[in-house]
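Take a look at the structures below.
Both complexes below contain chain A, partnered by chain B and then by chain C.
Entry: the complex of A and B
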């Protein structure tokens, strides 16, 4: 049986208290939202914070405000099951679909949007029991020195496996981080760093409090396609997130494309997006060239489910499907 | 002005008071912060119907209803359940009467080894509470996180459909197993 390690539990009753506690404890504490990522990681001793700051009592983190015309602000503790429906599904369907493809119904009822953004990076040498990891001398991400995916590497290649992160990056969403000293609002893409260990730019004394979706523009289309072994449950081995604005005639006026699960952070496919501007998504040649450009940036490693060769091989076709869906 | 720190907290070896409702009954006990809801249900409250499976949120054997929503009790620290209502498999029946799902699972042979059955029934209850006329696809979607390693999903889907009919005041579907063995189905 796998028990949680011991920790001190704190349950602040307001946002003010929560950031005060995090400010006091710094790297000795982790915020606990839905717990669907952190709790299994703690059971396997991948993460062993001395203090857990339970956010259940912080009502401010559940607030939702705004609409499609003004943009929508979702509290970081908005459950994924809520993101699947309602205002998000109507205005930003790719985000609703990304939320709906995370894990299983029971987990989406518990897991939060902020938690999915801050999801720990994943790797087949890291997401294992303590005994398993000990038997290989651990890895760079936790207690060891070697990256077993790339033993010559001086960095960790664990994979950003969030479904909502690439979508929020593609949408041009922003997030608010709050600490005792104040708050800062940054583009969602700037929350992530290209390192399997330090994969978030969130400081330990900061709390991710809200996600801001930009207003829905006329002609806006969004898409998220998720590749995985099973049609339910699994983490992505590739996520393709896109947002375009089409003219009345169907020409692409602006485009943003991000790939998930092929790096330690969501990867922006800028060359593909730039190529699409001024072209039409209904044109199959355009789709083929854009999907080639998009998947050029994907550098998958042998550290997720399914084989590397297969994942590389299908990436381009998968990107093409996403682009065709944007144009249809 | 500095806000007063009124944060509820416990040391790593201190117990916290937990008051919550389990199957409609108010319970109050002291729990260690490291214990999950699953561990408290089974070890402190003796409710062993909820099963210990993968312990990592991958199998669904520990499913319960938390404030009416399907949740995995192996992933929820018990100290986060204060003031909430938990329904376990033990809370489904009404007195001596089986819940229609329990009767249908028996009649349709929807359990082989039976280990996944409590979680399966609780997840199906969560679905039928919202949609007693759920389609086969909606049933499959709702049970996506409930793994049966005997792989008897067909009978499980039939049992959920049959229970949904009973909840809507319709006769149950004819149980295939009873037809083979000439048995009478259980009462509704």
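Entry: the complex of A and C
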């Protein structure tokens, strides 16, 4: 079998201790949450941190507080199996659905919300064993120079493949990052950068501690539609996340739409959202135009499952289905 | 010895004075009162599987065991200039590094394809070909040191596809083969097909492609080797064929076979992927010999993808002439992408043509097959070995023909089914056939007549049928020796131990062995202990592939058990003072059928037999009947009997996205007799699963980098996550119908069930997609983008546009039986010279 590389394991017992060791070790360390992304990556030597800071013993990161009226705060170590149910499912069903479509039930019992947001970007030239990557001379994301997806390119196009990230962006959620030096609370959308290598704005000494869901507003509707090969197990090749507020008469008062898995970060479909405001989702013409605008921003590359042409071809159809669901 | 007497009538608890003629092993009657056969009894090995106590190969270890990692080629095609292990050897804990120099002798599965070295010594032929092995105190150290082995290559041109192989004379991947980079070419004319096509009312032509895919067993390969103090080598390995590993070890390591023992523990699936002897098995044995310590190797999932030996990607062209609704001539050409080594390839290429004839009547038949070498992991046998590809082609081709002829494809198949007891165009002998029964069963169960074509746009039904061998008629490696043997030992406590070389890959062969012995001896299945998969503890069995174990081991078990029964009967007769012919074996007793109270317990009968003539141990063996084809190459395809299957698939197709959802599958399988109906259904559903998974998504696909920048050719997705196969989500309900018409060749009438039901699934799906959307996808897998592309195409088709030019050799001319042939080729001069009395 494939063995993990050698590493030092640190097990802080409190948040204070956790941010202290992270501060001490900086880029030499990575936080370990459920390990469902990081551990396989380490086996394949995609990530080889000298130190792992295990978050299992940090009780503060499991705290959940608030409600639909005030907004909900979920500790970063909240497991996806919990996000699928309960308060989240009642108030922000799209987030529950996104969590419920991650991987498999066994993985969701271990995987965390924080880990899902910080998930490494994915690429079929990168999510491979060390030997495999050596056989292609590696690539820009690690150890190599060329990007095999776009050989002329000077950046990496690895794909943001988190299911919850586009939903949290669409919901207008915020996240708290904490370091030895203090805390900052930023919009979820600002956690991500459009670069396959430096895809998070999180500093190495920062820990993601909590996710804040805004209060549920009257007339709020949310949706997440995930396109992938199989009904379980698979990462998204397209995620359509949307939040609208509808007037009593069914007119769109505000809208936010984000696409997942078609770029190195969740992509905001602002033109589509702006177009929807003042219109009605029941109108098929509106849906068709909005879905056209939405998928214009998608930049899928030939580095995920399924063919590029097909993914491009059906993106609009999937966006339309998501919008119809929002309106129904 | 009583052992040698004529076998008594059987089966089961029937008086021995039955005056019907003694049937051959496997003959069937109404079989009244069978105690174990046909009952849904719990499998003998299932508790260990469920509780996790079964020990698989990777569960074996020994105190002080070392660990081995293979260093694999990172280039697809190159001369191997040097291997420098000094850095690896300097690592603390590393015990030795082996290289190609340690393995001068080539080996291979088929006698004609001895083209592998345990570690490459002059060339590497694909990314993953092993060049060195590092042996260390623990697995991590071995893995880390393996990365330090420096290998110098002189790159050669990468040959990635059969088209490139056919077009490239130099460099050659191997220096043998029927043409440069062509491993094997075969050509047969069973009658004059061009003339038949010329005289046909209509001639149809199609091209198909069946993508390669791999076995994906849950259990990864692992092996443990050690040398006893007396110098005997033992290898425990997850292999489907312990005896092939045994043979390969003896050859490649130049060891006396008598000093080698191979143990094949139960496997977590094989599906053909563990039938070749593998380099890691030989290298780990060598490492044990060199270090004097036990050595263990456990392959990673990625390495299992590189071992491969899976389904050959196959391009096909079919031509069929139809007159008055029947096939007057049929032609098949296949081009197989064989990958880097021979493996079973010579057989595989023959199989893409051999069973084309056994389902529907065809007057004349023409077959051309070509297997190419490419710089990819070698292809070999996977469930259905070489036949799913042409079966897909044929069944879709027929669906199109029926559409043009305006006939119901189910009716056409029923009308044209090969009748029982027929020698078909290429001389395969069909005995019993449940083809019509299977077709009728799925037609009825699915509501075919009422529902087909009436489900509305986007929903459709498709049908297909197929046939498969129940064991191969000819052994690849053992000439005229029996294909299997069973040995029984009866103990004084009434226990029975059955020894056989067969290995249980999860299909239930241990259960079959216990069940048959128990049936004959009238004891409980649980009283029979089986010892299998061990070359030192059981007679040779050719292993779990080719759907051969139940028929071959089963018949041998009957023979052995009947010989034991005879000995017990003779002793019990003396003791009870009744004629042996009046004795019945049932319920753990041996008794007088006319006075059932008068009898012995089974244990007492064993004791009496021992007192009479010594330890009760008997043997049985089995060889298939002599095949009817007598032409060269006719050894691939004959079988003691063929199973038949039919399936109807119901699909829901999304016209906007091309996505498919299979709603239900009805499958009927002609099993002869289900020895255990629950286990048999499990095999059917497992086959359906695998067939559907291939049909919808599985692809052993390779990635090439821009040739200007790199020669790389790597497996696209060597992982369980990214190599897509069906999950529970995509698996529809399967309605299984077992068609039982016992066949005289099988034990209690049983035929195979492990492979056949896979075959109709891919074509039935393709035909259902056509019913749903009116498009033809002439390729497997049928992925969403192909469906969309077909919807957009002017001819509403997606599939291969061309068929490559192949330098076909002069065909062997073999007249079909009804054109006066005798099963020999009329133009095989080389062969005729060898046949005594043949005219020049």
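The working rule: the second predicted complex is superposed on the first by the 328 of 328 C-alpha atoms of A that agree within 3 Å, B and C clash if a C-alpha of one lies under 4 Å from a C-alpha of the other, contacts with A are read in each partner's own complex, and residues count from 1 in each chain.
The rule is short, and it goes like this: contacts are C-beta pairs under 8 Å (C-beta built on N, C-alpha and C of every residue); 3 or more make two chains touch, one makes a residue touch a chain.
Bear in mind the structure is a predicted one, so any value in this text is a computation, not a measurement.
In the superposition on chain A, A:109 makes contact with chain B only, not with chain C.
Judged by the touch definition given at the top, the superposed model places A:54 against chain B, while chain C stays out of reach.
In the superposition on chain A, contact is made by A:148 with chain C only, not with chain B. In the superposition on chain A, A:9 makes contact with chain B only, not with chain C. In the superposition on chain A, A:39 makes contact with chain B only, not with chain C.
Looking at the shared chain after the overlay, A:130 reaches chain C, while chain B stays out of its contact range.
After overlaying the two complexes on the shared chain, residue contacts for A:325 are found with neither chain B nor chain C. Contacts of A:17 after superposition: chain B is touched, whereas chain C is not reached.
Touch criterion met: A:1 reaches chain B and chain C at once. Touching of chain A by both chain B and chain C, each in its own complex, is seen for residues 1-4, 6, 232-233.
Contact residues of chain A toward chain B in the complex are 1-14, 16-17, 20-21, 32, 35-36, 39-40, 43-44, 50, 52, 54, 56-57, 81, 103-107, 109-110, 232-233.
The residues of chain B lying in touch with chain A in their complex are 2-3, 5-13, 16, 32-36, 39, 52, 55-58, 60, 63, 66, 69-72, 74-77, 79-80, 123, 126, 141-142, 144-145. Put simply, chain A touches chain C in their complex at residues 1-4, 6, 124, 127-132, 134-137, 146, 148, 151, 229-234, 305-307, 309-310, 313-314, 317-318. Contacts from chain C toward chain A in the complex involve residues 72, 74-75, 127, 139-140, 143, 147, 220, 298-300, 302, 656-658, 697, 703, 705-706, 709-710, 712, 714-719, 721-722, 724, 726-730, 783-785, 788.
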